[in-house]
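Structures are listed in the sections that come next.
The same subunit A turns up in both complexes below, where it pairs with subunit B and then with subunit C.
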Partner chain A sequence: MDRSAQAGPAANVLAWSVLLFLLLPITVVFPLSVTDQRFLSLPYEAPSLQHYVTFFTSERWLTSTWQSLVIAVFSTVLAVATGTLCAIGCWKLSTRLTDLVRVLMLLPIIVPSIVYALGIYRLWIRLDLLDTYLGIILVHGVTGIPYVMITVSATLANFDPRLEQAARSMGANLSQTLRWVIMPRVMPGIASGAIFAFIHSWDEAVLILFIASRALFTLPRRMWDGINENLDPVMAVAACVMMLLSMLLLAGDLWLRRKRDE
Partner chain B sequence: MAALQHSLTVRRLAKHYGQTRAVDDVTLTIGRGEFVTLLGPSGSGKTTILMAIAGFVQPTAGDILLDETPITPLPPERRNFGMVFQGYALFPHMTVAENVHFPLRVRNVARAEAERRVAEALDLVQLGPLKDRRPSQLSGGQQQRVALARALVFQPALLLLDEPLSALDKKLRAELQVELKALHRRVGLTFIYVTHDQEEALSMSDSIAILRDGRLVQEGPPGQLYERPATRFVADFLGKSNFLEGRIIERRADGFAYAVDGARFLQDGPAPPGETVLIALRPEKIAIAADGEAAANTVEGTIAAWSYFGTSFALVVATGAGTFQVTVPAWRCPVEPAEGRRVRLAWPADASVPVVPD
Partner chain C sequence: MTTLAATLPRTAPQTRLLGASLSWWLLIAPAVILMLAFYAFPLAEVLWISFTEPEPGFGNYERLLTSPALQRVWMTTLRICVITTAITLVAGYVVAYALVSAPPRIQRWMFVCVLLPLWISVLVRAFAWVTLLRSQGVVNEALVAVGLIDRPLRLIWNEFGIAVGMVHYMIPYAVLPLYASMRDIDPRLVPAARGLGATRFEAFRRVFLPLTKPGIVAATVLVFIFSLGFYVTPAILGGGRTLMVAEYIKLQILDLIRWGVGTMMASTLLAAVVLVLAIFARIVDFRRLFGSRH
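Coming up: the complex of A and B.
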């Protein structure tokens, strides 16, 4: 019986190859970013930080970073507020209709984003929202809702409904129960959802291509343009910066989860 | 204290879930300052009644009145009833003191006043020194006491308790039963207690309401229910009982005689109408008689099985009138229990009671 729990050599090899397959393409970006050449390549003579200097002094790249951050922050706020309320509402009502709502709210990650982008594009033309902060924040916020829904619903599934009953039996109204009992218990789920919603907006590249023209140049869009026009190594630097922030956020999420499990 | 006491009336209460009648036409009056237990097996509707009193279950029909005021339309947060939940439902993200402070925080009680009352409530359950712990750092018995303090700190009109001892081990449960009863006497509130444990019900209550399949079967003080069960279910659920199915063969002014498989027994009290009768007889009311000792009812049999419980022996005795469960004190037991040994069982005519078969 003990043997069944141990992986054979074939399974081990397979597992490690999958892991490498996932990790290697990411790790190659770092050596590319420290190249001493003026095109996208591995360093010839010695590693150099010249492209990092370019990135952090170029107005174009800094503007893009700033835009990406602003859009990510506001769309996260939108996704967290609506996603959390929706998850709590569905949990409280818990009828067949709310099950349907839950599935509907997951649509943005089920429907291919290119399809979504086309639809939004048509609609935004009419509403005159193309190439505006509001336009892209709305889109990123709405498509970030599923992440919040999933994480908040998961924490609510573990929430003991008797805690809410206890609060009410002691005289707490809905708003007091929500603020003092339910919210503190689902906070880790909200934080997790916020992190994922942020990363979603931070590295989103398809919707922005449809909606933006001159005013908006988020980091992913700037990189996309860079790849199309010239193979500038600053792109690799931008990729590293993006990854670093995402990884920090994911580490934060792991830390939150561990803290919650204590 | 008397000013805090309230009576509660449940009038023709019903709760239907589709075709299922969780509670079916229950009427119950709970007097001021009483400790009343709703006792029944799972699915008997006892928790549904408690939840309806608390306001978490909207009844299909009927009324709930506090003193003379109907409270059925009030939401739970406006009823001002303290409640101790099964599993306690303490807030895990708050300390003991914060948990107990919660009902006062909800009511905007001024800080100094709130601190005094929290300390008072914690003293009442002897938890003062643990006020800064989290619920997860407390034992089951301590958590139970926090739940009590939290339910009492806001001077509720009633205290509702939903199987508060079910998660604890037997010995602790017995200790807390004594504590709960003492607490009831000290605070003087009306307590409504739900349990499936008949020992808890017997040891603590002023009055017990026995429920089965959503209906109230019998209600009364523990002694009365134990000594005079109205139905077979009550006799069986509250303690143990032997049941004798007999045929009435003689009616007298002060009792009657009945026959079970040829054996003839006497029973005090009026005979029920009809030809047949069901008699409930507690195992501890049967004695083992010495040879030649006279008694109203005797029957001979052999010990089929026995077990030792320290204070008593439980014997299973096979007789011509069926199998009897007999409990005899172990201290100076008149016979040495052994399988196959012949014994003579005896009981007086007022030891048993006729019950309604159900």
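Coming up: the complex of A and C.
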């Protein structure tokens, strides 16, 4: 049956205009980053890499990039380790109480960041964790757990619980069952969850305004200040760097999914 | 003593069961402890402070009734959220509609267009909109060069700029639930209605549209909730001139250090989100979204 007969030409034109609107801001950033001018504009004569040179020789931008990477890596490890175990436990037990646990783990997605930011700011003042790696990694890690819970729970949803029971009845203890039976099965979910958790930390721009100020200045934090103070072309380079890493991870996720489906 | 003795036989099997599942609970424990200590507790403290600082009582909440400035912030927030949600829903509906009816090859490309923005930092997107919409920005320069306008239009640092940035951010969140609800509709229904003499518009309005209602509700809830507490895009594209509630909270805490008013606004924001969720939780199955088997 010809399903394309459903949407009329008017609907299709409208839909594609919306899609172009979605792509517009993404496509404009790269041309801006290769401008040959000293101010933010499209290239006048020929594209130039001068602002990339500035970015990759600027200590401030490189330090920020490095700090962002370190924080993202460690908070991803934290989110993946705790989130995966929690998803497995909830899947196995599956009681009313674990449903409550799932709701608790969903909180960081539902609650607006700004509300949580106030609470954690206050707590970090008291614990003296403002502007420290530990403080930021804990916050990014905890708020990254939901993404891991969702992806790992999704892979577990199709997993026959009897396989786990069979392993246990043949004498495997819990850690052996986890390692040889459950983990291989949920690996794709863990990988997707790790990618989401990493990008969550890499892009996070609200909490960082509250919990970091001088010693630690992540890439989003530096961009935030740049947008509000001076719009120079290096900002476009930084935006491209941020997008590039996200795109690479997205491609990695798609590749993993395709491999899984084969 | 007698009550204890009476309860013992009943609790005994339960403790045995708990013993068997104890190791599984230990797997859950680290995440729960982290989440309680570093998420739920600070969140609860925000609510607590709103009732205790600067002095115990409902003083902060009374301001909500008496202060025109606070009321204006909420009215602005609600107005922008309603406008954003309405535009997002129409745009998302059109895209989802085109998506379900597109041939698979084109459908894949459309999906890339929808999902790509989701993966780009919200800050990068706000920055891109600034470069596009400001008075020396790409859009204004292009319009002047073509000769459509003499002077640059004010496209940013007002509610228009905020709406553009927010709609752009929210559209993917509307498309996904709408697409999911449309995908499940029997594709023969609309042609059948047409065959029975309905016009294209009538078939859409009386057959297709009612069937997508669950998707519309889910998309509305999702977009509206995300819009209410949105910080980055309104703060950058509003340029400090149009204050929405999230930015107002940030000002109170970081710039004015008025914890009472700041946490009160944060608590009302949280209450608004929970209220919207509670009203629609029966219609939208949020648990299924989170992989629960119940």
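Simple rule for what comes next: the second predicted complex is superposed on the first by the 255 of 262 C-alpha atoms of A that agree within 3 Å, B and C clash if a C-alpha of one lies under 4 Å from a C-alpha of the other, contacts with A are read in each partner's own complex, and residues count from 1 in each chain.
In the analysis below, contacts are C-beta pairs under 8 Å (C-beta built on N, C-alpha and C of every residue); 3 or more make two chains touch, one makes a residue touch a chain.
Note that the coordinates shown come from a computational prediction; the quantities given were computed from them, not determined experimentally.
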item	value
Combined model on subunit A: subunit C and subunit B, fit or clash	fit
First, second, both or neither for A:Val53, with subunit B first and subunit C second	neither
First (subunit B), second (subunit C), both or neither touched by A:Pro184	first
Which of subunit B and subunit C A:Leu134 touches, first, second, both or neither	neither
Contacts of A:Leu62 with subunit B and subunit C, given as first, second, both or neither	neither
Partner chain(s) touched by A:Gly119 [first = subunit B, second = subunit C, both, neither]	second
Contacts of A:Asp160 with subunit B and subunit C, given as first, second, both or neither	first
First (subunit B), second (subunit C), both or neither touched by A:Met170	first
Partner chain in contact with A:Lys92 - subunit B first, subunit C second, else both or neither	second
After the two structures are overlaid on chain A, angle v-u-w for subunit B, subunit A, subunit C in degrees (C-alpha centres, nearest 10)	90
Subunit B or subunit C, by number of subunit A residues touched	C
Touching partner for A:Leu244 - first (subunit B), second (subunit C), both, neither	neither
Superposition-derived minimum Cα distance between subunit C and subunit B (Å)	9
Set of subunit A residues, in rising order, touched by both subunit B and subunit C	none
Subunit A to subunit C touching residues, read off their complex	1, 3-8, 11-12, 14-16, 18-19, 21-26, 28-29, 32, 40-42, 78, 81-83, 85-94, 98-99, 101-102, 104-108, 110-123, 138-139, 141-143, 145, 149-150, 153-154, 156-157, 174, 199, 202-203, 205-206, 209-210, 220, 223-224, 227-228, 231, 235-236, 239, 242-243, 246-247, 249-250
Interface residues, subunit C side, partner subunit A - complex	21, 23-28, 30-32, 34-36, 38-46, 49, 91-92, 94-95, 97-103, 110, 113-114, 116-117, 119-132, 134, 136, 138, 168, 171-172, 187-188, 190-191, 200, 225, 228-232, 236, 246, 249-250, 253-254, 259, 262-263, 266-267, 269-270, 273, 277, 286-287, 289-294
Subunit A-facing residues of subunit B, complex	54-56, 75-83, 85-87, 89-93, 102-103, 105-107, 150-151, 154, 160
In the complex, subunit A residues that touch subunit B	160, 162-163, 165-173, 176, 180-181, 184-185
